[in-house]
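A single structure is presented below for examination.
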Amino acid sequence: MGRTLRAELLKLRTTRTGRAFLLAAVALVAAGVAQGAAVAGRGSVPPLHAPELQAALLGAGRVAGLLAAFLGSIAMSGEYRHGTIAPTLLATPRRGRVVAAAALANLLAGAALGLAAALTAALGTAAVLAATGTDLTVAAADAAAGAAGAVAWAALAALLGFGVGAVARNQPLAVALVAVLLLALDQVLAAGLPELARWLPRQLGAAVAAGRLDGDPGALLAGAVLAVYGLALTAAGWLAVRASEVR
Amino acid sequence: MRDPGVPGQPGRMTTVTVDRLTKRYGATTAVDDLSFTVPAGSVTGFIGPNGAGKSTTLRALLGLTRPTAGRATFDGVPYAALADPARTVGAVLEHDPFHPGRSGRDHLRVLATAAGIAPGRVDEVLGLVDLADAARRRAGGYSLGMRRRLGLAAALLGDPEVLLLDEPANGLDPWGMRWLRDLLRRHADRGATVLVSSHVLAEVALIADRVVVVDHGRLLAAGPVGELTARGQTLEDVFLRLTGEAR
Amino acid sequence: MRIQAQGLTKRFGGRTVVDDLSFTVEPGRVTGFLGPNGAGKSTTLQLMLGLVLGGGRTLFDGRPYRELADPPREVGAVLDARAFHPRRSARDHLRMLAAGAGVPDRRVGEVLDRVGLGAVADRPAGGFSLGMAQRLGLAAALLGDPRALLLDEPANGLDPHGVAWLRELLRAAARDRAVLVSSHLLAEMQLLADHVLVIGRGRLLADAPLRELTARSGSLEAAYLELTGGEVEYAAGGP
């Protein structure tokens, strides 16, 4: 399993895609922080020195979750698209091992994305505060929880996306399904079935990213449910890959 | 092209056996109760018209396609059950399976990592196929000939005792073809088992000791080239006669 | 028709890709055009057809390509097997070309049968295999019943039946036409070509009957490897 995992991690490191996602994450988070700082104190938005506002700026890192889900979705589906699934399976004929290693590698990649996002948010917020001469008022514990939450959400989102991609084995379809799953689905349900919408990935992800153990649902429960979703989809993906004919 | 060097010690003599192999896709029978043996220490040509089932047979041997009936094995062992599949069998498939954004060298590094092959081997095979200069460029920019040579490099990575090659000379210029012929000859002389599928019978006649002729998924003839062309006919004459009758 | 290439030259960047090439393609025989990848074969064909501008000139029965009254009816060429719109059917593709060249519509059916694409003529060409695409390209070249044929790797993607069929078609076509075929398949060329041109690094290395080359070196491949031994350029591009 070790060398299969190393190979999967190497795959992620040797295309420009990973770098592109990293750049996108950094850019989106930086933009989020900038935007948050810009509207601080206007209308009903708390001012820059308010701890809630600062927590919100630091929380801009949660956007990495969506990106991580897309990154995960193109992993297995990309192998089928480019035909690299053939050499992958020739090097490692045990398909379960390939899927497991790839899932883990993508989960780690998601975490890395989340970490980069959290760091960008922290640096960005620090820069804004320093530039405006504002004191740090957010509690260290809250800030840390938010950062950890962003990393965890990104990791779980990557696993979720990976599972979708492994089942779909078709790149455009996988990306579309992730978009629906994370963006459209709870919009549709939120109006009519808000109770159901709470257990959809996006809202669960928000709960994880917020890092509040006492939230509703709490970050740990939300994370556990997301993990179950991700593992279930990955297991389904394994069955699909196992049964697939490779041309 | 680089001289592959002095032949090393002979490896194990592995026999490739296709035993009553059948593959059906819905109503279509791609391979129909096909049986033949590929002995070690010789080059066997695998010839047949388009749609004869050659690629399907090769994919069944490699575990990429599941047979409807019958078996395809290496000394009686299916590919997925081999102790060290990537170091026992090297394959060049019909379509060159590379991620366009990854460099040729990284593609090989990933395979070497997954198969537990020493990293130094990557640069060795790149030198063998004369891709050392282009190795760090992304595979998406490679010409057809370069892609074929990268595929050959991947097949040779594990220094396997069995080579299964699907149209390996496609896109190679005459120097490349001569080099490939010499390489396969040397491998066979060392005891390797080589199965080469090709459409250019004039080339097959130059390189193969034996041929297996298939059409419509069925075996038409198998045996030493000399025997089949005993009556002064060319391999093409024999082929056209055999497949003409079969059509 | 006789084709005369005179002093063909082409430079890309600092490199001379085709270097003062002169040769004649005579009717009544198949002329093979050989050379390593990067030697300038495709560029030479493009120069001859005026697709690329460079030094020298090519005369088709004494006239350059652009001065031919109806180029597709005098010169047929297949340089890129996939030069068609993927969603257009084979038949429609040919009808479009026929209309543009003033060729009667019935020729479309004729050439489709000639190349064996009759059964799939109404399918979108985008779904064609390489071999089928090659046949479509050949059909397009034959549409105007031209006096000359210029073909770049026409056997690429054809199965053994196709290879044998192509050889017969070109032999028959060469009886009263000028046929220039560029190919890497030397074993096949040895069966098909009557006359051979070999280039390396843009320069002419041989212009001789096949018999002469095989008598000298034993086989076309041996002759070719001897001739191009010092001329092979495996730069970062390679074959």
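Labels A, B and C are assigned to the chains in the order they are written; within every chain, residues are numbered from 1.
By our rule, a residue touches a chain if its C-beta (ideal position, glycine included) is under 8 Å from a C-beta of that chain, and two chains touch if they have at least 3 such contacts.
Small disclaimer: the values here were computed from a predicted structure and weren't measured.
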| item | value |
| --- | --- |
| Farthest chain relative to chain C (centres taken as mean CA coordinates) | A |
| Closest chain to the centre of mass proxy, which here is the mean CA position | B |
| Centroid distance [mean C-alpha coordinates] between chain C and chain B, Å | 30 |
| Gap in Å, rounded to a whole number, between the CA centres of chain B and chain A | 42 |
| Computed distance of Cα centres, chain C from chain A, in Å | 54 |
| Touching residues on chain B, where the partner in the complex is chain C | 1, 47-50, 130-131, 133-134, 137, 143, 145-146, 149, 170-178, 199-203, 205-206, 236, 239-240, 243 |
| Chain C residues touching chain B - in the complex, by the definition given at the top | 34, 36-37, 129, 131, 155-156, 158-164, 184-188, 190-191, 221, 224-225, 228, 232, 234-239 |
| Contact footprint of chain A on chain B as seen in their complex | 59, 62-66, 79-80, 82, 85-86, 89, 91, 93, 95-103, 106-107, 109-111, 113-116, 154 |
| Chain B contact footprint on chain A (complex, rising order) | 3-4, 6-7, 10-11, 14-17, 78, 82-94, 245-247 |
